[in-house]
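Shared between the two complexes below is chain A, which has chain B as its partner in the first and chain C in the second.
This part shows the complex of A and B:
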């Protein structure tokens, strides 16, 4: 349970100012120590495989959830490192503990999202990932753009979560349980016979499920609910943008995978309802990827450009997730989950690299406009070359991790019959579209003369080291992809949900009897 | 929730939807899934969590709205139009 270490870390970071006011090293050290302990706890449970449940059966601990937690916690460490290297100077020393506490809290919520298997836990996990994110997005209090971004985030986010909870209440009303696998088997039964006794109807359950998916789609910034993403990313400080772009979306993808996997596990083969869910998710993913790429074409702010790029990357992953519902309980589903995990790892490194270069340039040249990158290849050749590597990997250049990520996605899709070929076509067209905007910063850096004699950017040695590590990771995943992919494949295993009602008769409404106090009923 | 331009009004709308969900949970628990037939209090527990998290959400949202007011001298969400595209 790495989450325990995150909670302890939050407490430690909050208490540090009582010992030593305005210390930066102390809270940073405490936060990093907590994250490293959490990382060790995660890798420890990775070895001890099998899978099980925790916290009254509301959390499922399986190789898949542990892998996602590994990504989230490792990424939190990398983001803190990025913050120390590039933008720490802009954070007041007195704000450091608050910043770190919020970051740890968000990481905690995202870890829980990856293993939540109960509506109540999904709700709690998503909210505990969201609230710190709202605050982090508006962390620069005197920054007008940042304030605006955080207002939009909290307004859209709370509306989306309220809608999601309403959907959960409908699902609970129709199925009588909060446990995901019980809900799945109940809904599979509902679609055959409408229960006259309780007056439950499949239609209401379907609406409830739709609203739950809408809440997850908000976290994924899938297309009808993506408006917050570019504004929040532009307004937030670089380290927060980096964190949200990977960890928040990764956790939401993990939740989507678990929802689809658990729903699919209970469905009879070729069940109409779940095929419908799969087609819906596939359309959502295709629309998200295409819309993100089209709008990215005319962006000039590096953060907005990468925000729309992250929307389209989320779209690619959603497209792969749809295979889990289209072909439940098959090898195709496993290949798709493997591909998504591999993609997340690659996406983590390329986004971290691109944002770190952006942050280094913004710290010294004070600009986020890619047109201001003119002549960067003359001024800072190493930085320009590294940025080009990250952008080409985001595009999917052969030899880099991003290419192999897309290859594995397509491989999974090709197993899924005609629907898969439509998805492959969408993915290929989108990849071509995305080239047009990924080369834009590189174009300004290499082929535009610097007429205003802008300053040379000297990244610190630590920043360079971090960027080289990211680039090396991309080359490694690009050239030796099979090794990384088999590692991901070994962890693309979700625990087959035991039917909780059958396995443990003590489970009541998805919560065990031990949690039930005596309720005085007067009916 | 959807038609308000005042940020506080939107927040009130969100709280109303959350409370609607909580009432749903309690009602479904009481009239459909409660009782002696072996179901339990899942819906009631969920309603408690909604109340707690709604309070936390209101705290965060009000802090952000206050900060917005400090920067824009207004809580009208139409004023949040610095970023476009």
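This part shows the complex of A and C:
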């Protein structure tokens, strides 16, 4: 359980200032140590287990959840490294423990999100991912945009949580259980047991599900609920933006996958409700990708540009998630989950790289405006070249990881019949659209002369090392994609909910415990 | 209302129950309108108190005594006091008027109508459970609190503990936000 290490790390980080008040090294070291232990614990279970276990009926530990946790924890380590290398000078020494503690708390919530298989657990996990993020988003207290972004985040986030918990109450009221797999089989109408609600038409339950998906859509910054994303990303310091752009969305994608997978495992093939959910998610993804790309076209702030880019990438992943519901068989669903995991890994390195270059430039030139990048190819050729690599990978240049990520997404879509081809068309059009704004920073760096004698930027050796590692990871995933993809494929295995039925928790209000026979969808 | 149509359950409130239901419903709905229409935040808080207390009354009628008590203590007690304190500590003028623009009202009404329509649709198209099962009266009684406690420390131990950690993190975040900021760089 890597979560235990994260909690211990949080305790260590907040207790360390009692030893030495203004130390930066001590809390940072403690946080990193805890994260490495958590990483080791995750890797250990990653290798050891392939089936999956339910912990007290509220958490599910399976290869999928461990893989997502690996991404989240590894990314937390990388973000702390990025913070040390580029923007630590802007954080007061006294604020360091708070920053690290909030970061660890958010990582804890996100890793729990990837395993949560119970409505109560999902809610608690999402809240513990959200609240630290709200505080982190406003970490620069004197920064007007940061404070505004943080406030917007809190208000939108609370409203989204309220909507989601209301949906959960409807689902609980209609099914009488909080356990995801029991809910799934009840909604699918497969079980007519001694439950209180036999033979009901699930209209209210469907509305409840819709509201739950709306809550997840907020975390994913999917389109009708994306307004917070650019403001928060612009206002937050670079390291927080980087962390939120990957870890928060990755955890939300994982939750979406688990929701769809569990619903699907109990549904008969071609069930109306489930197909409806799939179509809804596909439309959500297509709208998110398209809208994110369209608005990104006229952004000039690097953080806002990457924020809209992250919205559109979330859209691509949502589109792939919809295949779990639309796919004709479990093999296609597995391909889709594999593609999403692979995409998540590649996306992590692309975003980390692009934001780190942005942070390195901001640290020395004090600008986030891409028009200020003019003449960067002369002022700092290495940074300019690396930034171009990351942007081209985000676009999907062949030879880089981003391209293979999209190829695998399309491969999964092509297995899903006519609906899949519509999704492929949407993905291709969006990729072309995105080129228009990904080349913008590169254009300013290479083809605009620096007329105002802007400073030459010397990135630190550590920053260069980190950027080279990111770039190498992109080339590796781009050129030797099959190896990475089979690794992701081995972990795209979610626990079949049949195991979870045994651990169905007893109900609070004295309703009989629902023992549900679960029919797996093995085709 | 559908819940009440069924009279097979032995009702402690007896024939008064429908009357009680409509009285509470009237209080809830009218004070909810009051929250939306009022422009004074302190008045809103008082209307909110009435709404929340009315909902607590429903919980009592449904024999969810624990939930009703929690509703009264946490929402009607805690949250409202927080709101009033928040107003007192932040606003220069506690009787400040909250003005909303016309388009904001329009969007708000539209969203409200959509949600109302959705829920109405759901209610009409769903056969709600009736009878003893609907009110969860299978031997709950005064053991309810014990059952909740047992569930929290057995089946729901993990969420319970995570909630504890969450409160710790939230406290640290809030303390950070409220603290006079240390000297910061150009951030």
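Operating definition for what follows: the second predicted complex is superposed on the first by the 478 of 523 C-alpha atoms of A that agree within 3 Å, B and C clash if a C-alpha of one lies under 4 Å from a C-alpha of the other, contacts with A are read in each partner's own complex, and residues count from 1 in each chain.
Everything that follows uses one rule, which is that a contact is a pair of C-beta atoms (placed from the backbone, for glycine too) under 8 Å apart; a residue touches a chain by one contact, two chains touch by 3 or more.
Fair warning: this is a prediction, and the values are worked out from it, not measured in the lab.
J.: Quick one: classify A:155 as touching chain B (first), chain C (second), both or neither.
T.: first
J.: Of the partners chain B and chain C, which touch A:89 in the superposed model: first, second, both, neither?
T.: Second partner only, chain C.
J.: State whether A:226 touches chain B only (first), chain C only (second), both chains, or neither.
T.: Touch status of A:226: no partner.
J.: Under the stated touch criterion, which partner chain does A:165 make contact with: chain B (first), chain C (second), both, or neither?
T.: Touch status of A:165: first partner only.
J.: I'd like to know which partner A:127 touches here: chain B for first, chain C for second, both or neither.
T.: A:127 sits against chain B and chain C alike.
J.: I'd like to know which partner A:14 touches here: chain B for first, chain C for second, both or neither.
T.: After superposition on chain A, A:14 lies in contact with chain C alone.
J.: Using the touch definition from the top, say if A:138 reaches chain B (first), chain C (second), both or neither.
T.: A:138 sits against chain B and chain C alike.
J.: Where on chain A do the contacts from chain B and from chain C line up?
T.: Overlap of chain B and chain C footprints on chain A: residues 120, 124, 127, 131, 134-135, 138, 141-143, 170, 199-200, 508-511.
J.: Which part of chain C faces chain A closely enough to touch in the complex?
T.: Residue positions touching the partner: 64, 118-119, 121-129, 133-134, 136-140, 144, 147-148, 151, 154-159, 162-163, 165-166, 168-170, 172-177, 181-187.
J.: For chain B, which residues are in contact with chain A within the complex?
T.: For chain B paired with chain A, touching residues are 1-2, 7, 10-11, 13-14, 17-18, 20-22, 24-25, 28-30, 32-35, 38-46, 49-50, 53, 56-57, 60-61, 63-65, 67-68, 70-72, 77, 80, 82-83, 85.
J.: Sort out for me which residues of chain A touch chain B in the complex.
T.: Listed in rising order, the residues are 119-120, 123-124, 127, 131, 134-135, 138, 141-145, 147-152, 154-155, 158-159, 161-163, 165-166, 168-170, 172-173, 176-178, 198-200, 230-231, 234-235, 295, 298-299, 304, 508-511, 513, 515-517, 519, 521, 523.
J.: Given the complex with chain C, which residues does chain A contribute to the contact?
T.: Residue list for chain A touching chain C: 7, 10, 14, 55-59, 89-95, 98, 101-102, 105, 108-109, 112, 118, 120-121, 124-125, 127-128, 131-132, 134-135, 138, 140-143, 170, 174, 196-197, 199-207, 237, 366, 505-506, 508-512.
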